[in-house]
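These notes open a run of structures that come right after.
Note that chain A is present in both complexes that follow, paired respectively with chain B and with chain C.
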Partner chain A sequence: MSVMKLSMGPQHPITGHFRFILDVDGDLVLKLEPDIGYTHRGIEKLAEKRTYLQNLPVIERVNSYCDSAGTMLGYLEAIEELMGLEVPERAKYLRVIAAELNRIASHLYAACLFSVATGLETMLMWPINDRELVLDLLEKLTGQRITYTYQTIGGVRFDMPEGFKEEALKRLDYLEKRTEDYYKMLLWNHTFHMRTKKVGILKPSDAIKLGVVGPNLRASGVKVDVRKDEPYEVYDKFDFSIPTGKNGDSYDRLEVRFKEVEQSINILRQALKDIPKGPIKKWAPPIVPKGEAYTRVEAARGEFGYYIVADGTMKPYRLKMSPPSFRNLIALPHLCKNVPLGDIPVIYISLDLIPMDVDR
Partner chain B sequence: MIPILSFSEFIELILKVLIFPGLAFPLLFAMIVIWFERKFLARIMLRIGPLHVGPLNRTGLFQPIADFLKLIQKEIIVPDNAYKFLYNIAPIMASIVASMSVAFIPYAPKPDGGYWMIYYTPLSLLVILAIFTARPFIMVGAGWASNSKYCTIGALRAALQLLAYEVPITLSLASIVIMSGTFDLAKIVETQSSIWFIILQPIGFIVILIAMMAELSRRPFDIPLAEQEVVFGWPTEYTGTQFALVMVSEYFDLCAVTSLITVLFLGGWSGPVIPLLNDISPILSGVFWFFLKMAILTVIIIMGRGIYPRLRIDQLLDTGWTLLIPLAIIQIIITLLTAQWWLPLVRGA
Partner chain C sequence: MLEKIRKSFMNIKLLRKVFNWGRAWSLWSVHLETGCCGPEDMARACARFDTERFGTLPFPTLRECDLIFVTGFVTKKMAKRLKLTYEQMPEPKYVIAIGHCAISGGLWWDSYSVVQGVDEILPVDVYVPGCPPRPEAWIQGIRMLQEKIAKEGLKK
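For the complex of A and B:
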């Protein structure tokens, strides 16, 4: 049979708002070409026309349904660096709590999509149900389920509500117990191993060369985490480890995410215990002094970089984002050479890309 | 010469053809199983499942009927480039072929000696095997006739899948035939009156159950329909009534397969006589046991969707050729070697 051009998406059960142009020979995919841009909203340009404070809800929507709290931290860090603003300690803790809760939600979402890619619908529902618990917590903390606009320049908008700490600790205990079930359903499931082990192997050298970031890079065995390497906010005060994988296959990428959930629970427990009393917000002037700043944070999907050029007005002169999904997308054509068609969804979902993040 | 039927024989024939095991039975089976599958899987997945349609509150009992009514109202879209004749006839053929095999399955013995089945033939096992082989070709035909890339890939996968399950099925049927010494399904049930073949041939039972799940394209083996890979496989282009027929034909097939495995391995209608049902009609008691066994098999087959990820096509072929075929052959060898032991049990003194 001759080589067939197969257009997978954007109307396809697994690809989301992507289109992949595949060269298919029988059941073998020779080449994959991602076609991005279906959710391009021009956020970088939009940001130039709005003030720094008005930008907050926009920036958040780069990565809205998964990881808005983690995404936003970088932007705030950059502005605060330009202003030379010292954020109150309690606000830093609250920011970390929101970001880590969001990381758990994001990784649970990744796990559910992953099991859909292999055809296991039960594990679509279980993590989604448990993600709801985390989102409830975030709603208690911030007033919203997915796009919070909680962290703001100079601190956070609301303080922790009454009884939040007890509720959070209770739910974290439950989540930790629940992880056992996930391991039983996915990570110890022989059929699941058949589908995911030795599929889409990303070697450490290739991963570094391609510029892959976040859990995908760590799954290849490279121990890189901005939270440890360049601690921002109060991450240097917590005791946590960086889980890494051995083989860099799809299975490892999922396992690393599950282990990161455990580490996030660990961080959250420490943060809830140590959180100091004090103000939650410091007044920040609307005008950012002239200069430029680059900051990077560890969002759920990996390293999120922000480059801001300020010209001494209320609006940024230029805002450049380097989102993790875009950087991980580069690995996808590399991994999808001469693989069976059945492995395409597994490899794609294992990288945990989201189209909004790629297109911005 | 056409035999002239007496009135009671005529009524019986009408009952058989229209009610059980003929027209109404597979439809009812499909309806109940679709509802049960949705509800059962929903419970596994911590969901609620269908709720509102139907007589009993919060059960959604009539959801399959509502779905069917919705589907038949929809426009039938035939793709421009499709090979129209084959495209249109394939869903009809699929449902006919799938429901055909129930005509040859004995569901209960009659008090006057015969069996409650539509058409008796001493070679009924062979006939059913022949009918089962037809289904993949309808899939391939429909996929090819749709003239769409995803349909073509799905059809090719269906054809490849045939290679994996057809041989293990035939081989495990061979050991049944060796043991019972007949192709007659009714006789096969009779030979199990003292001991069921599932006890004598456990390996054969497992092989045929797995191979039949592949034949039915159920979850670990639903490769031709893999949603995440090929959208919906070979029936992707079908809409409305045609889609409903394709869907319902899968459940007709499930009905035929569970009936067949019940007959071959689980002793068909055999079971203790239930006085209450026996008073109404002696057939009902046998049918009750038959249904119970079918239900257990159906639950096992459906459960795959809740707990297994889908295999890749090469992994299925690997399983079929390196695991199922050797196991089926081992079963045949064991059957032949232990003939001294089972012969008195099965064939009588």
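For the complex of A and C:
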């Protein structure tokens, strides 16, 4: 049989902003080549033209797919390291609360996409409805649903509103109960097993070699989490575990995400209980002293690295990001060799890639 | 000949109204995400906000769609695909520009790779501001478009 080239996306219900160039032989995909750049805005270049404070909304939109708070933390950490600024304790807790709520929202969103890829539409409606509950909480805290610009240099912008704690605890209880339903509906579903088990297996050695990060790496059985290995903010004060998978297939990648939601709920409960009283913001000068800093944080989709070179002015000299989806994208051509065409959406969605943060 | 008959039929006011009513309440939207207003696209289509109440159902095949949501910024690479998608849709077709970026470039006003406003490439019917607009705003945009369609082809 002859090999044919097939173009998939960007107008496709699964691929989002990507285009895949596939080499197909009948129903078999021999090679996949991702065509990126559909959402390239040149954020790294734009950041050099704006001041550190003006950069906040820009950085946040690297990954505004439900993970703005987690994305921004690394940037702030780097600036605060350069300034030698100590953030008030309460602000640190509030930052963590926003980031963890975001992680829950992001993983639920991933579950929705997963159910679209496997054709189980009920699971599209359930998590997205529960995600609204989390977004409501974030809206109460920050004033926006998706893009917050909540954390700022030296702290956070608003304090916790009245009644937030009780509301949050109530909703977390509900979410915890709800995850059981998800297991029944999706993870213990026979159809779902057939579509995802033993599909797109990523071996631990390969995962490390390719530089895969985040839940995808943990699904392969490698226990790496920046929150535990190199605690930032106040993550060293919480008691939580790092869920890992066994086989590293698509099924494990989703299961790890669900388990992470449970851990996030756990962290949030502790954070809401221990949050101290005090100021929420410290004044920070607009000028950042000369120097270089590299920080990494655990965003919802994996490790997010920031490298800042400051030249003693109000604007960064260079800002380099290493976003998680870009590093996970490398695994996609590796996994899509000699697989049926029908498995491509499942493998792609299981990696939880966001084109926006691949392109920047 | 057929075209003539069609035109004379469309001149009948009552018939025209029925046509417009039908069009306004079955605006299926094509799935093409261009920018980061995307998550709200999912939110407005699913359980809580449910735009299917207003006849707007996200649909994968563009040949059966009549509405295109431009969700946020459009890069120069995406602009070609957007235009291609628009051209392939059957008439009548409508465009709703979502977010500051689709309206005027928004946050990326000085970016080298972002089209400054989607109306440079497509004729836009309704603009919905916000960054990203709330799902309620999307619904308002859809309602405004429906009102616009209801008046189509009728003398003032």
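Things worth noting here:
What we mean here is this: the second predicted complex is superposed on the first by the 359 of 360 C-alpha atoms of A that agree within 3 Å, B and C clash if a C-alpha of one lies under 4 Å from a C-alpha of the other, contacts with A are read in each partner's own complex, and residues count from 1 in each chain.
FYI, contacts are C-beta pairs under 8 Å (C-beta built on N, C-alpha and C of every residue); 3 or more make two chains touch, one makes a residue touch a chain.
The structure presented is a predicted model; accordingly, all values stated were derived computationally and were not measured.
By the touch criterion stated above, A:Gly143 is placed in contact with neither chain B nor chain C. Of the two partner chains placed by the overlay, only chain B lies in contact with A:Val24; chain C stays clear of it. Contacts of A:Pro13 after superposition: both chain B and chain C are touched.
When the shared chain is aligned, chain C comes close enough to touch A:Ser64, but chain B does not. In the overlay built on the shared chain, the residue A:Asp343 is in contact with chain B alone; chain C does not reach it. Judged by the touch definition given at the top, the superposed model places A:Gly42 against chain C, while chain B stays out of reach. Shared-chain residue A:Leu124: touches chain B and chain C both. In the superposition on chain A, A:Asn189 contacts chain B only, with no contact to chain C. Contact with neither chain B nor chain C is seen for A:Pro279 once the two complexes are overlaid on the shared chain. Applying the stated touch rule to the two superposed structures, the overlap between the chain B and chain C interfaces on chain A comprises residues 12-13, 124-126, 129.
On the chain A side of its complex with chain B, the touching residues are 4, 6, 12-14, 24, 26-27, 115-122, 124-126, 129, 185, 189, 191-192, 194-195, 340-345. Residues 10-13, 16-17, 37-42, 45-46, 49, 57-58, 61, 64-66, 109, 112, 124-126, 128-129, 131-132, 135, 145-147, 356 of chain A are the ones that touch chain C when the two sit in their complex. Of all residues in chain C, those touching chain A in their complex are 30-36, 38-40, 42-43, 46-48, 60, 62, 73, 75, 77-78, 81, 85, 107-108, 110-114, 131-132, 134. Touching chain A in their complex are the following residues of chain B: 41, 44-47, 149-150, 153, 156-157, 160, 219-220, 222-223, 226-231, 305-315.
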